[in-house]
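Chains here go by letter, A, B, C and D, matching the order in which they are written, and residues are numbered from 1 within each.
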Amino acid sequence: MITFDNVEIRYGDFVAIQNLNLIINEGEFFTLLGPSGCGKTTTLRSLVGFIKPSQGTILIEGVRVNDKPVEEREIGIVFQSYALFPTMNVFDNIAFGLQLQKKSKTLIEQMVWEIAEKVDLNNEQLNKRVSELSGGQQQRVAIARALVMKPKILALDEPLSNLDANLRGQLRMELKRLQREFGITTIYVTHDQEEALTISDRIAVFNKGYLEQVGTPKEIYNESKTEFVTNFIGDINLLPGNLKKELEIDIKLQAYIRLEKIYLEPPHPSPERYHKLGVVLVEKEYYGNLSKYTYQYQGDLMRSYVIDNERNDCAIGDHVDIYIDKNAILTF
Amino acid sequence: MKHIMAKMKKVNAMHFLFLSGTTWLLFAFLIFPNINLIFETFFQDGRFTISAIERFMKSGRAMRSLKNSFILAGTLAITVNLLGTFIVLVSDYFKIKGSRFLKIGYSSTLVYGGIVLASGYLFVYGSSGVITNMLMKIFPAMNPHWFEGYGAVTFVMTFALTSFHIIFLSDALKNIDYQTIEAAKSMGASSWTILTKVVLPVLSPNYFAITILIVLTGLGATSAPLMIGGEHFQTINPMIIRFSKSIASRDIATVLSLILGIATIFTLFISKIIESRYHYMSVSKVKTTLIKQEIKNPAVNILLHVSAYTIFLIYVIPILLIIIYSFTDGYTIATGNIRISSFTLQNYTSLLFQPSSYKPYLTSIVYATLAAFMVGALILTLARYLRSGKSFYRSVVDYALMTPWLLPSTLIAMGLIVTYDTKRMLLFGKVLTGTPVMLLVGYIIIKIPFTLRMTNAALYNVDHSLEEAAKSMGARPFYIFRKIVFPVIRPFILAIFVLNFNALLADYDLSVLLYHPLYEPLGVVMKNNAESQINPNAQALVLVYSVILMLISTISLSLVYGKQKKVL
Amino acid sequence: QKEGSGELVIYSNSLTDGRGEWVEEKAKEAGFTVTAVQVGGGDLANRLIAEKNNPVADIVFGLNTMGFESLKNENVLLEYVPEWAGEVEEGMNDKDGYYHSLVKQAILLIYSQDVYSEATGPQDWTDLWENPAFHGQYFLFSSLSGGTTRAVISGILVRYLDENGELGVSEEGWEAVKQLYDNGYIAKEGEEFYALLAEGTTPMGQMWSSGLAAREEQYGVKSYYAKPAVGVPYVVEQIGIIDGSSNIDEAKKFLDWFGSAEVQGKWAEEFYSLPANKEALSFAPEYIRAIDESLTVQDIDWGFVGAHIEKWAEKIELEIMR
Amino acid sequence: MITFDNVEIRYGDFVAIQNLNLIINEGEFFTLLGPSGCGKTTTLRSLVGFIKPSQGTILIEGVRVNDKPVEEREIGIVFQSYALFPTMNVFDNIAFGLQLQKKSKTLIEQMVWEIAEKVDLNNEQLNKRVSELSGGQQQRVAIARALVMKPKILALDEPLSNLDANLRGQLRMELKRLQREFGITTIYVTHDQEEALTISDRIAVFNKGYLEQVGTPKEIYNESKTEFVTNFIGDINLLPGNLKKELEIDIKLQAYIRLEKIYLEPPHPSPERYHKLGVVLVEKEYYGNLSKYTYQYQGDLMRSYVIDNERNDCAIGDHVDIYIDKNAILTF
C-alpha cells in the first residue's frame, strides 16, 4: 500500500503538488491522469524518491519513506524521457539492473531476450547503440529495462506515448499480465484518457497540482465529481441555454452531456427517458471506427458519436432527429 | 531561380575561400618554416646524414633520459587521471563539506606551474623543506634528499597536471543527463557502480583528450625532473631545449624532438581509434542538471572528507610557501632558514617601483590576450570544420596542425625568422622578421596543437540535434555557433583561453628570439632579472614575479569564471 | 624601419642591473640615439644568426670570445677596428678586426675558508679529481650552456690538445673531463652554488671574478681562489658591428665612443668590472684589480676553442656525464 | 510539391528506407504512419536534409535538394526528441528563428506570446529554463518554435505524443488552421492511427522501410490494399474458418472484417446484405465513449464496437445475435 499523506512538492518557489492525499492499494493498477503540466511526473518522482516532499509524508507499506534513499525503495521506473544509458548498447541497458543483482550471465541473457521479445525488439536491435534506435524503439528499451527487474512497485511515466496502437495494445496487455501474475503495484502516468479508462483499476485525475477525483474508470467517466473532470475525460457537449430551458434545467447551472449519450436512431427500451430534438447535420468527422457528427440546434452546436456511417445514410444539411438521454445529463 | 543559383555560387566561393585560406595558413606558418628546419637536420651540405641519430644513440644519458620521459608519461597518464578524477568528484559530484573552498585549492595549479611549482614543492619536501625538517627531527638518520627521483617527480607532476581535469571534467559533469543517474539508482546501483558504469563512461571523450595532454606534458617534462629528478631521473626535454640553442647540436634536438612529437601523434592516433569505438551520442530529450550525490556509508564519507582535505593541503602549502618566501631574501630562499630578519619588502619594491617596470606587463598582457584570442578563434573555426565530416583533406589539416608539437619552440622561432626575413610571395611580399607581429605569430603557432586538442574535447559536449534544429530554422553556421554551440562550450573555451593566456604571459624560449626591441615581454625581463650577475637576490625576484603572475592569472580566471556563473 | 635614421639598436647579454639604462642615457649625452636590447647569452647568438639576412641590431656586445667567434664564422659581423683597439691588452681583440674587447673576467676555482686553508684547498682544477679527498665536494652545473662553465672546460681541455684526438683533444683530455664529472657533485636546477658553499655541502666550485664580493657578503662566507701555475681562463666580453646594419657610420662612431678608456672606466666604476682597455683599468674596484693582479692569464687559443666548444659541450653532455 | 523519387536511405549497412516513391502536394496535410521503427523519422529527416539518401532523388518544387544544405530548405521541424536549446529559456527557444530573421524586438515578443498562447504556455513558463518544464510542456515549446516561423513546409515528428486529448485536439485544429490559412505543406508523423485518419488529407503507411499504401484516410481505412495496412489501421477481426465456409469465402484466403462492421442491433435498410450469427457475449471492454464486446462463435472469438452500453442491456454469458456486413469483408 502506498499512501500520500498531505503531501506538498515544490520546485524552489513553485508549488507543483498541493495537499495531496492518496492511497494506492497493493497490486493495483493505478493511473495518474491530467493535463500536461499538472504534476503527474512530479508525483511519480516523489514516490520513487527523486524529489523530497516539502511537506507531508509518503508511506510505502506503512513505512515512512520520505528520507529513504531511492536505491532502497525497489521501485521500477520508466522515465518520460527514457533516461537510457547512452554509452551502453541496448542489451546492456536492459541487463544493467540484472547485472547489479549479480545474476548469472546465461540467466541474464535469457531474461533480456524474453523481455525484448515482449516489447518487440529483435536481436539485431539489442546490439545497437541506443542512439541508433528510433524514438519508439528507445521507449521500448526503457520499458524493457524496468520490466525485466520485476519490481514490487512499477512506476511508468507515459511509457507508450511513442508507440502505435497495436504495439500499445500488446504492451498494455503485458503490463496487465505482469501486474496480475506478480501482484506488482503499478502506478501509471498517461495523457491518454481512453488508455486510462481501459487499463486502470483506479484513476486519479490531477489539475494544476490538485487531485480532483479518484475512482474507478466508470466512476470517473460517468460520475465525474467536478466540472474539470467532466470536461477532461472524453468529449462532451455543453448544453445550450435554449435546450436547458426546454429541459427545465436551472439556467444558472452548467449542464453537460457526453457525445455517446445522444442517439441518432430512436431508442426502444424507455422512450420517455429520451428527449427528441430536431437538428441539422452540419459536419461529419471521420475517426475510422466511428464518426463524430456535429448538429446545429437553434444556432448552437451539439455533437455525437456514430459508429460507422454507412447505415446512417444522412448527409450534411439534412434535417434529422436526435435523442438525448436525460438521465445522462450532468450539472454543476 | 537565379538568386538561388547565385546563393549556391556564393556558398561555394566561401567554401573555396575557407579551404584555400586554411591551406595557406597551414603551409605558410606551420609547414613551410618547420619543414625547412627538419630537412636541414637530415641534409647537411646537400647530403643525407643520420649523424645526429648516431650521436644520440651513442649516448647512454640521452637514451636513459628518453626512456625516463616515456616512463613518466605513462605513469602520469594513470596517476593524474586518478587524482584528477578524485578532486573533480570531491568538488563537483559528491556532497562534501566545504567543497567550494576545496575546489579553489585544487584549482591552484591553474595559476602556476613549471619552475615555480617545483620550487614550491621543494620548499615543502626538499632537503631543507618544511616537512623534511620536521621528519629529520624525528628520524635524524634520515636522508635529507629523500624527495628525489622518479617517485618525487611523479608526485609533483601528478598534482601539477590535474588542472586539465578541473577544467574539463567539472564542466562535462554538468552535461550529464541526471535522469540516467536516477535510473541507475532506482535499479539499486551503488554510488560506485553509478560512477563507474554510468557517469565516467559518458565522460570518456573528455578523458581521451585529457590523457593525450597528460602524455604530451609528461613527455615534455622539464622543470620537475631538472629540479627534483636527481641524477637518476632526468628526462629528455631539458636536453632538447639545451641543444636546440646550440648551433652545432641543433640537429640532435630536432631528432629528439621528432621522436617525442611522433610519440605524441601516435598516442593521438591510437586514442582516436579507441575513441571512435567509445563514441556515443546523447539520447536524452532535455537534460536535467546534476545534483550532488550524498555518500551514504559514514565510514566512506569520513574517509573521503579526510583525504579531500589532506589533498587540499598538499595543493596549497607549496603555493603559500612561495608567497611567504617571496618576501624573504635570496639567502633564506636558498637555505630554507626562515628567521624574523629574513623578511623584506625590498623584492617587491625593487620590482614594482622601477620606473619602466609596468611596460613589460602591459606588453605581455596585450600579446598574450591577442594570441590567446586569435588562436582560440582560429582553432574553433578549424575544429568545427574538422568535425563537420570526414575527408582526406581534413585528416591532413588535423595532423598538420600538430606540427608545432614536432619541434621545440626555439627551433620554431628560428624557422620563422629564417623564413620570413625576406620578402616572400607566401606572405604577399611582407617581411615579418623584426616586426612586432612576429612574436604574435609565434605565440599563436606554438599554442595551436594544445588549443586544438582542448577545443575538440570541448566540442564533444555539444548535442548534435541542437545544431540540426537551429539549421532547420535557417541559421547559418556562424549563427549556430554563436547561439547554440558556444554557450555550451563557453566554460571550456574560456578555460582554454586562460590557460593559453597564462602560459604565454611568462613565455621565454620563444619570446627571446622573436620579440621586437621596443616591446620587451615579461618572460624575457623576468629571466634577465633572474640571471642578474651581481644581484644575489635574483632567486627572490623569480618568486616575486611568480606571485605577480599568479595574481594576474587569478584575476583573469575569476573574471572569466565570475561571469560564467551568471550564465549557467 | 630605421633606414639611415641614425638610431642604433644594440643587442647585448650584459644589460641587466641597470646597465641598459646606463648605456642609453650616457649615449644620449654623447649624441647617440640608442635602444639597448637585453637577450640572454645563448639566445643572443641564435637570434643574431637567425636575423642575419635582415638584421635588426646594429651593434652587439657582451658575448665572450667564443660567442663572437661563432658570430664571425656565421658572417654576422662587419670588420671594423675602432680607435681604441690598440689600448686593449695583447691577444684579446680579434686578429682579423671583427670584434674588440671591452671587459675581461677571470674564471676562478673558489673554495670556502670555513673548510679549507690556502694550503689544504685545491691548487688547480686537476686536483679536484686527482685528490680523492675532494671527490663529491665540488659543484658542477648539469649543462654546458653557461659561458663560465664553458671557460672552465676550455681551460681544462686546451691542456690536452691533440690534432689526432677526437674533436682535437687527446684521449687523456677526455678522460680528465670524465674524471671531473664522475667525481663532482652535479647540481640540480635551482640549486644555488653559494648556498651549498656556505652550508659546506660543496665547498668548492667555479666563480667569475666580479661576482665574488656581493655573494660573499650575502651568504656570509669567505672563500679563497686557486692560482694554478698554468694560469686561469679569462673570458673577454667583446663588441662588434653587425654586417648589414643600416647605420654603419653611426655604429662605427658609437664603437669608438663606447670602448674608449673614458666610457669603459666609468662602466667599470659603476658595475664593478675589469676593463680590457688598459687605460681604464685604474677605474676598476680595488678588490677586482687585486684578484686580477694575483693571477696569470692562461694561454688559450679562443679561435680554436670557439670553433670546437659546441661540439665539446655536446660530447660531454651526451657521452661523459652520467 | 515534394517528390521522393526512388529514394533509399541507409544507416551504415542498415537500409532504413527502400525504394521510396512518393509525391506530396503543395498545401497538403500529409501523414506518415507506420509501426515503431518503420522509417517515418528517417523519411522526414531526409526531406529536411539531416540525412542524405544513398540513392534516388528528393525534389522540392521540382528542384533536386539532395545536396542543398538544411538551412536553405526552409522547412520547419518539430523533432521527436524536441531538441530544445538547453542554454536558453523557453522564450528564447521560441524566438530563436525570429531573431534570425532580424525581426524587431516588439514584433518578436508579440509573435512569441501569440503562439505561446496557442500551445497553452503562460508567461511564467516562458521565463523558465526548458529543463524546468514538464514533458508535455517541452513538447509544446518544440511545436511553438516551429510554428512561429510559419515555414512553407512543416515537418512534425510525433508532435503531440505527450499531450492529453483536449490539448491534442486544440493543437490539431491549430495545425489545420495554419495549413489552410497559409497553405503550409505539412508532413506529419504519428503513431496514432485515429489521429492520422482525422487530420490528414492523405496518409502514407510504412512498414519496415517500405511504403505500403498512400491514400486518403477513407481509402486507407476502407480500401486497405495490403494485409498489413488492414491490420495496422484500426482493430479488425480475422474471420474464422467456419464462418468463411458459411459465407462461401475461399478457405485459402485471409478474410477480415472491421469491428464496427458487426452490429448488435438488427439493420433496417438492406437486410439481405447482413449475415446474422448467433454468438455468446464473453467480454466487455470499457473505452469510455464506446465499448468493445467479444463474442464466442463455435470456439472462435469475434469482436465489435458498441457505443455506450446502457441501451444494449445484454450481459456476459448471454446468447445474442450479431449482424455481419458482408459487403465490408476484406479478403487477401
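Going forward, contacts are C-beta pairs under 8 Å (C-beta built on N, C-alpha and C of every residue); 3 or more make two chains touch, one makes a residue touch a chain.
From a predicted model like this one, the values you see are computed outputs, not experimental measurements.
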Comparison of B-C and B-D (more C-beta pairs in contact): B-C
Centre to centre, by mean C-alpha position, how many angstrom separate chain A and chain D? 19
Centre-of-Cα separation between chain D and chain B, whole angstrom: 54
What is the distance in Å between the mean C-alpha positions of chain A and chain C? 91
Using CA atom averages as chain centres, what separation in Å is found between chain B and chain C? 36
Quick one: which residues in chain D touch 2 or more of the other chains? 81, 133, 135
Would you please write down the residue numbers of chain B that are in contact with two or more other chains? 283, 285-286
Which of the chains are touching one another, listed as pairs? A-B, A-D, B-C, B-D
Going by the contact rule set out above, which residues of chain C touch chain B in the complex? 1, 9, 14-17, 21, 35, 37-40, 42-43, 45-47, 49-51, 53-54, 56-57, 70, 74, 142-143, 145, 186, 188-190, 192, 194-195, 198-199, 208, 210-211, 214-215, 218-220, 271-272, 310-311, 313-314, 317-319, 321-322
Enumerate the contact residues on chain B facing chain A in the complex. 177, 179-180, 182-190, 193, 197-198, 201-202, 204, 278, 280-286, 296
Note: in the complex, chain A contacts chain D through residues 11, 34-37, 40-42, 80-81, 120, 125, 132-137, 139-140, 157-158, 161-167, 191-194, 197-198, 217-218, 221, 231-235, 258-261, 263, 265, 267, 269, 285-290, 305-308, 310-311, 313, 325
Which residues of chain B touch chain D once you look at their complex with the stated criterion? 4, 7, 11, 283, 285-289, 463, 465-466, 468-476, 479, 483-484, 487-488, 567-568
Within the complex, which stretch of chain A touches chain B? 48-50, 69-77, 79, 81-88, 96-97, 100-101, 129-131, 138, 145, 149
